[in-house]
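In the two assemblies presented below, chain A is common to both, partnered first by chain B and then by chain C.
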Partner chain A sequence: MSDVSSGDERIKEMSKVRKALMRPELGGIVGTVAVFVFFGLFAFDSGMFNAQGIMNWSVVSAQFMIIAVGACLLMISGEFDLSVGSMIGFAGMMIAIFGVTLGWPMWIAILVTFVICVAFGALNGYIVVKTGLPSFIVTLATLFILRGFTIFIPQTIERKTIIGGIREAAEGDWLAPLFGAKIGAPIFNWLGDMGIIATFERGNRMGEPVVDGIPMLMVWALGLVIFGHWLLTRTRFGNWIFASGGDADAARNSGVPVNAVKIQMFMFTAFCATVFAVCQVMEFGSAGADRGLLKEFEAIIAVVIGGALLTGGYGSVIGAALGALIFGVVQQGLFFAGVESSLFRVFLGVILLAAVILNTYIRRIITGER
Partner chain B sequence: MKSTMRKLLLTAAIAATPLLAATQAAAEGEKYILVSHAPDSDSWWNTVKNGIALAGEQMDVTVEYRNPPTGDLADMARIIEQAAASQPDGIITTLSDYDVLKGPIMAAVDSGVDVIIMNTGTPEQAAEVGALMYVGQPEYDAGLAAGKRAARDGIESFLCVNHYISSPSSAERCQGFADGLGVDLGNQMIDAGQDPAEIKNRVLAYLSANPKTDAILTLGPTSADPTLLALNENGMAGAIYFGTFDLGEEIIKGIKAGVINWGIDQQPFLQAYLPVVVMTNYHRYGVLPGNNINSGPGFVTADGLEKVEEFAGEYR
Partner chain C sequence: MNDPIIQMKNIQKHFGSVIALAGVSVDIRGGECHCLLGDNGAGKSTFIKTMSGVHKPTSGEIIFEGKPMNFTRPRDAIEAGIATVHQHLAMIPLMSVSRNFFMGNEPIKKFGPIRLFDHDHANEITMREMKKMGINLRGPDQAVGTLSGGERQTVAIARAVHFGAKVLILDEPTSALGVRQTSNVLATIDKVRKQGIAVVFITHNVRHAMAVGDRFTVLNRGQTHGTAMKGEITPEELQDLMAGGQELATLEGSLGGTV
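Coming up: the complex of A and B.
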């Protein structure tokens, strides 16, 4: 507090504690601890914390993380994308159409799908930037358009809304394992042999560990979180993202290419949705017209739990990742805790509301904003 | 700030305690989990919930019901994985998409959890994933039987009101009906959506665009109830041949009033009740029926409606 007399708050020194408390991910950290304590107390011996259980909520959290990273950066740059869920369904269906129905090699199907989906993201961004319409409305339109195609195309070509056989079509492909494989099998085999994790008791996989590897889905989630965090906090582009969402006019006046930043963030969000979709179809082997329903809101919720502002200009990728973790653990944990299933949404709503109120409260106290 | 946090946590914990205690106190006997593919909005599954509640009470076992809230089948796969991780004695699940669900189900079977397939799926698929048995109504065959019945009644064209287009078993019912009639399904199946007002208006629109349609096939109360309203509105009630899958209160009234010619009862109560009973006896005494159980199809017409009417939507 030595420089108070200079009157410039930007170079004012702050205590380390206060600085730590000002981080947007504080709420996420507190929430994560609270959630684990809660389920540790109520669901400890329910199988939630054995190997299978941990894998279960980790995979669900990793799914949320993948789309939350895209949604987080986009939200910080001041925009929304409501078409994420439809994009997931659409991307999966495109891969099925190209790779199974048309019989293209799987790597071409995956690459072409990425190109189409990122192009849709760019189109979203272009329309928002050029027309000045709220992204809420523009991407709501995309939500319906993409979902419509996802039902119409397979219904017309194949007379059904679920196309299977993707796993078989992807066999021996060089690109597909990047999304569908599992890594670390030897480690898990060893853990199984040592009796640290359970093994299958019967069937043709008898003796194999119940968890046989880390799915690439989780590797993608961690990779995207690290990339997003680095981009946002360690690069000039990251500052541009904050500036575009904080005050777009001020940013423009100081030479930030706001339009380009926003369009690129829409493309990145579409990219994340496509990663989600490719991992999903590679794991499950089929694409369905109902995949990804409401996922856009789940992404936004994770980001908001993680401390980002809906109005843009403030937030953190680490926070969003923690938000995704909280969301995943709560969602699956309620099942483990044996909560009556019809009350599931009530719990989810209460916990989300509590997290967001807590975040706002902490931020107001710390930043002194009214 | 700290005290606020503590208060919030305490409130959450206190609010949760009675619910958790309530569900765990019943866990004396075996524990079973029933996983369905139905979204929350599908009221038909209430009968299933009542079925497992009754079976759980009579057999002194705990049965939990779980479903993906939006009907997303990929989410359902996660729920099955989660159910297996919580180490119940058995899982009763639908098999609405073989590709998506076979992995999680086989993993559950291999990790020592017994599985019975109910409702959707085929007996062959149930055997393939290592399930003990299949309890349900083979969908295509039921549609086919209904189509043949309608063909005998002189029907040549129809409208299939599909309120759950993303589930392959729904389309199979329509396809079976078309094959039973001996006509091409073509554009006679519409994606009606889940919203009653939308379903009603789509049916109205289709019927005014295709006034020569002989018959209507609905796939359950979700599509049948709005269709009844639509037919009352355009005056075709009673004039057009109307068959439906599944039963519900409005459907029973429709059958009684002569608006609906027949309802196909697949008896979901049995699909939920029997697996619990079968599995409990298997786990207690090692006895298991040697075959799959067909819970339907049974055609419900205006004759002998009394019992059906009394329990429609509850046990029927």
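Coming up: the complex of A and C.
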């Protein structure tokens, strides 16, 4: 029979450029270039691209990145988590209750919070894989349950829904700086002295650089993106994540422990939400019952802009990180550009739609979907 | 011929009050393509599921490489070397050929305690195995979704063979394929057989069976009328056995022998 020894005449040769472009992140890359060109043209003189401005949108983007990495891996494994936003509020509140109200050492408060939240993630996953219900519904329930507790617990104990004093409670703690500190202060001082970045001209911080370090939040964001990308593309577990989302039955037939993979991805999503929450309460010094509202959708939007398929089995962590960057730059950039802030949603909607159309087109070419 | 790899002796399978298999005996030998024919509802699926460990027979004996076997899970059968390629197969269209090929059996490259997916190794083997089967890939990262139905079957077969299948069960691999794709799959079956692997080819298409089969067993209403060697039986006889004779003979007359 057809013993084809040379190339198949029906396989079109792909040019190197075209091949390099045909990747899940393309939508994210195009979007990133587009928003930077846009704000470079319309907001260049607004201070968006000086040290302070860059730090401003970088921090916001890093926040999105942290939760987008978790949402991305979970989505590729075929599931959603709508409880991310509530988990952020809940985790922050737990730290405040343990560390301030109960007066536990901050490191114990942080560790216990991580354990509780990751356990909630595992519970989400367990219910989803055992009942076979859509994760959309299960985590929607968790969204309400966690938000309810986040309001109920501080109201019952402290008779208020915002608990402060976290920064004071964290003073001298060994674990808290891992989430709340800034690194690289000497470099920024030097940059300030050299006049490369601006320094304060009056007040009690006169002479100090306006940007005095890189917050640990950004280190976490980068670390999680690198870890997520490595896990997905370089490890055997990554192949299982793709397989679980691509076709759970086919994956099971080949011996992939689909349920365990999904539960672990729910736990990782909860872990990311908790990292976000700890960084946030360390920065603000307080926990509020309304923190993290709508964050689950922002995470999902970033992931989808980044080229992941909503139904699972396809996507990229780098893409999701770019989606988060686009999100952060647009949100802060419109403020710098002096645009009415309500237009943020219009802009975001347009970008989301454009990115998804482009991503769908690319994905069809890569995977031969019809 | 050599000794049978697997012997199914007087297998019965009852689902509640329904008798799906009423005592079926078949033996499968290495290097042969054993066709299992039967119309819808004849018990083909139940029979191969018994062989691959999905169902436990109600009574009867399975002897695998001379020893009685008691598969409790599909995993046991896979580990023993009985691989099933399903009609709607275990391929994930969104993933690359190489990722699919090694799904669940990923090669590992160790860096101290860190265990990585050895992509180079996986890609190399995938390309080599695909070439052997006569499929030219653009690259190992080409998605399975871009392959035709016949090529996907071939990837699934090549995968089972690579991971050491001694018995390869193909559940209607040609039923949804076009002419050219079907002949590709039949050619693949021939290649696999020549490597000494026992192929169990389930089909209800007599022509496909005659093209590659060495021996033929017809199932009808949960029973078998024995096994015929190639050359001992004509396509018409097979067709009759499958349909239970009479009825189809009448129908065939009115359709002018086209069934």
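The rule is short, and it goes like this: the second predicted complex is superposed on the first by the 347 of 370 C-alpha atoms of A that agree within 3 Å, B and C clash if a C-alpha of one lies under 4 Å from a C-alpha of the other, contacts with A are read in each partner's own complex, and residues count from 1 in each chain.
Just so we're on the same page, a residue touches a chain if its C-beta (ideal position, glycine included) is under 8 Å from a C-beta of that chain, and two chains touch if they have at least 3 such contacts.
Predicted model, so just to flag it, every value in this text is computed and none were measured.
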{"item": "Partner chain(s) touched by A:G292 [first = chain B, second = chain C, both, neither]", "value": "first"}
{"item": "Touched partner set for A:G172, first chain B, second chain C, both or neither", "value": "neither"}
{"item": "Which of chain B and chain C A:V256 touches, first, second, both or neither", "value": "second"}
{"item": "Contacts of A:P186 with chain B and chain C, given as first, second, both or neither", "value": "neither"}
{"item": "Of chain C and chain B, partner touching more chain A residues", "value": "B"}
{"item": "Contacts of A:G195 with chain B and chain C, given as first, second, both or neither", "value": "neither"}
{"item": "Partner chain(s) touched by A:L358 [first = chain B, second = chain C, both, neither]", "value": "first"}
{"item": "Chain B versus chain C as contact partner of A:L309, first or second or both or neither", "value": "second"}
{"item": "Overlapping contact positions on chain A, where the chain C interface meets the chain B interface", "value": "none"}
{"item": "Of all residues in chain A, those that touch chain C in their complex", "value": "1-4, 6-8, 11, 14, 234-236, 238-240, 242-243, 246-247, 250-251, 253-256, 309, 313-314, 366-369"}
{"item": "Chain A to chain B touching residues, read off their complex", "value": "30, 34, 37-38, 41-42, 46-48, 50, 52-53, 55-57, 59-60, 151, 155, 159-162, 164-167, 198, 200-206, 210, 280, 283-286, 288-294, 332, 335-345, 347, 350-351, 354, 358, 361-362, 365"}
{"item": "Chain A-facing residues of chain C, complex", "value": "74-75, 78, 86, 89-95, 99, 102-106, 108, 115-117, 119, 134, 136, 138, 143, 145-147, 183-184, 186-187, 190"}
{"item": "Footprint of chain A on chain B - complex, ascending", "value": "1, 4-5, 8-9, 12-13, 15-16, 19-20, 22-24, 27, 40, 64-67, 69-74, 77-79, 81-87, 97-100, 103, 106-107, 109-112, 130, 165-166, 168, 171, 185, 191"}
